[in-house]
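The first chain written gets the first letter, and so on, giving A, B and C; residue counts start at 1 in each chain.
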Amino acid sequence: MNPLDVVSLSKRFGGLQALDTISFSVLSGEIVGIIGPNGAGKTTLFNCISGFISFDSGSVRVFGQSVEGLKPYQIVNLGLTRTWQLVKPFFGMRVVEAMMVPSFCRRSLKKYDSKKEIRENIIRILEEMRLGDKLWEEVDNLNQGELRLLDIARALVTFPNILLLDEPFSGLSHKEIEDISRVARNLNAQGLPVVIIEHRLRELMKLVQKVVVISFGEKIAEGPPEAIVRDARVIKAYLGERRRKIGLA
Amino acid sequence: MRINKKASFLLNRQSPLGLGILGTMAVFAVLSDNIFYVEVLKIACIYAIFAMSWDILTGYTHEVNFGFAFFVGGAGYASAILNSHALLSLYITIPLAALAAGVSGILIGYLTLRLKGPYFSMATLAFASILFKLSFIFYEITGGEEGISGLDVFTDNPKKDFFVAWGIMFGVYLLLTLYARSRHGVILRAIRANEDATQSAGINTAYYKIEAFAISGFMAGIGGGVFAHSQMHIGPTMLSGYISIIVVLLAMIGGMGTIVGPLFGAICLTILNEYLRVVEEYRIVIYTGMLILLIYVAPDGIFNLKFVKKSKVLSFMLLGERRPV
Amino acid sequence: MEILIIGAVRGALYSLIAVGFVLIFSVGGILNLAHGTYYMLGAYLTYIFYTLVFGASGIYVLILSAGLAVVSVGIVACLVYYILLRPHIHSLTYVMVMTLALALFMSEIMSLLFGVSGTSVPSFIEGSVSIGGLKIINQQLILIPVTALILPALWFFLKRTKIGQSIDAVSQERTGAILMGISVETATLMTTGLSALLAALAGALIAPVSSVVPEMWLFPLIKAFAIAILGGMGSLMGSIIASFLIGYAEVLSSFLINEQLTELVALLVIVLVLVFKPSGIMGYKLR
């Protein structure tokens, strides 16, 4: 049973075909990157997989279970958790409170025997993110990098069996990207499949084992990073417009 | 770095000022011989129940409920009708009425689930107005303009009546504070900050929103029932926009989202309102005008003022916040 | 037949009220819950000017009073906006609560001044007309021609005059308007005044034939909202059509079912639309 199977997924918004029969799978323990030019439909893909948008046709299966018609929180309880590109975390609350929220989901409540365990787990996760000392900090006071790490930390509290990261590097400095990459790599090394949407290609390619390329709602390529960066179709998708503008080809 | 024990979330973090007010009222009622003052305090208790019940929903979800009269008046009338027409004891009718209000809360909560901002607020206003209109259409049962009179009282003694109201208010205060500090409150605040992110955390946000609505309705219903029987009368004012708006103002001036803020605001302002009876004719106008002024000056409410939150002393005294070591 | 006319009268009345309400929301992002109050003040101030200031002396004075009433309400609305709303205009909660509180306040003042049973204003045009064998009061009929004049005038103002166009621009695309150098502040201020003028005019015209009581602010407000969500919060044409729809629905339900149900029509519209089609009507962006 694969952590994630997307088969022939399609979604149309009025006149725009945002996703057109996209198919790919995430195998156990894989770390996969999803790339594509702006507006290709990557975030729509995540939204469909995680239940925030309904899709028109095709299927999405998380460990064999179809997520069609499920609400986002139900999909989390199946084991799939996502983070958000626009980080709007729980302003007005403290880090510890933000971390407690996911611990109240059904999936996590089943895994704990006592409140003490919840607390200890939260502290442990935060310390892995190197946010241990920020426990009582107000979320408003965290910087961008810390907010991203907090996002991932919160996701981990739900005991995901597959993690989706939506543009985790955006707006961050090199060092911060390093931190996030390290975290993702560690999680994957422990067996957690991770799917990452990203634009920062150089950093992403160092991180992932497999890349899926989407352009205008269609999957145009899939393969290991080394092959993808040399793939003519991929290059054309990213640079195609520019060539036309300059007047070549 | 340890997280304080769960208990500290509950009992140790009570607001000294809140407990102080509650204590002062009780002591005053015991010692005082002035029935008028005791009556005033009794009404203040009831308005405090209203304000706190309103706060548990709007203060924690930031969706403004303008239809509070639905629960207050609805339960008040329900209890009154059962009491005067069906001759049931008020110890039965009030809980029943509150239960009905709670169930209505579930219903309205469900219907307004996807509404935000002005749409939510106007929908709640519409629901309350429908009930208001219905009370005139079915005037045989509800007494129309005049309402229902001759309701049972709790006790024969104004002081004992006061303590009934006070006791219920204290109970509501404790329950709502516990609720607000429990996972329900944390989740509501998370929903308020970012509903999508809360969904992503695996939380069934619809459930918690509806639950808050139900609790708000139930507590409001208790308040409405107690009010009706403490006055021995219920009239259409309790279903009108008047009560809805006043409760909103009392709670907001006190400070939304704190429970103790609305308690404080309701008690102080209601006492002030009664004090204004010296100029009875102009009382309502002056009172309403004052409320407007206060909202203008402190839109977030007294307990939410920035300088209160920044000051260690004030935030402890008012909110019971203690910065952990 | 009389349904046709009475419904038209209602529709006309409601469109005057609703258009202003929708306009100020789409231009200023202000959900003005005191809109019904402006309607009420139009009626009360006409009475005040006519009876108390001028001593009730004839039709021309009456019309003058109505005119003064309408203008005063416009000024009051602008003051309310400038002094009370502007400082915290970003918070929709504050705007809603403050305007609702003001509505209550005004209502209590009127109750204080003139009592709970209200007052009465004489008609601008006496008598009635017989149409199809039924009597229709002239004062009510006036609404139709007045509205028929005002609404196109409003359209002309918004689409053809420079000031109006700036208002129109802000209502459609705020950021774009700012980039074009249009002052959103001024546009909002003017729209506030305009919106209140329309509501007050409706109040002044209907005062002679309607009960002028302190509570008369609530239901026009509710109906304005019902019309707004039915017709689309950003669309003037939509509001006008919706006004007539609701006007006719009320008249029909009053004739066919029960008089007391008329007031419920608007309420039911609100509940039904919001509950069953919240996304459909809410296509308009909330600020």
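As a working rule, a contact is a pair of C-beta atoms (placed from the backbone, for glycine too) under 8 Å apart; a residue touches a chain by one contact, two chains touch by 3 or more.
Note that the structure is predicted; figures quoted are calculated from it, not measured.
Engineer: So how do the chains connect up here, line, ring, star, complete, or something else (other)?
Structural biologist: line
Engineer: Determine the chain that sits nearest the middle of the structure, using the mean of its CA atoms as its centre.
Structural biologist: Per-chain C-alpha centroids compared to the overall one single out B.
Engineer: Can you name the chain that lies farthest from chain A, using the mean of each chain's Cα atoms as its centre?
Structural biologist: Greatest centre separation from chain A goes to chain C.
Engineer: In whole angstrom, what separates the CA-based centres of chain A and chain C?
Structural biologist: Between these chains, centre-to-centre, one finds 50 Å.
Engineer: Measuring from the mean C-alpha position of chain A to the mean C-alpha position of chain B, what distance in angstrom results?
Structural biologist: Their C-alpha centroids are separated by 42 Å.
Engineer: Could you tell me the distance, in whole angstrom, between the mean C-alpha positions of chain B and chain C?
Structural biologist: One centre to the other, that is 33 Å.
Engineer: Mind pulling up the chain A residues that touch chain B in the complex?
Structural biologist: Counting only chain A, the residues touching chain B are 50, 52, 71-74, 76-77, 81-84, 88-93, 96-98, 100-102, 104-108, 115, 119, 122-123, 132-133, 135-136, 154-155, 157-158.
Engineer: Chain C touches which residues of chain B in the complex?
Structural biologist: Going through chain B, the ones touching chain C are 62, 64, 66, 111-112, 114-119, 121-123, 125-127, 129-130, 133, 136-137, 241-242, 245-246, 248-249, 252, 281-282, 284-285, 288-289, 291-292, 295-296, 299.
Engineer: Sort out for me which residues of chain C touch chain B in the complex.
Structural biologist: 31, 84, 87-88, 91-94, 96-98, 100-102, 104-105, 108-109, 111-112, 218-219, 222, 225, 229, 260-261, 263-264, 267-268, 270-271, 274-275, 278-279, 282, 286
Engineer: If you look only at chain B, which of its residues touch chain A in the complex?
Structural biologist: For this pair, the touching residues of chain B are 1, 3, 6, 183, 186-187, 189-190, 192-194, 196-205, 324.
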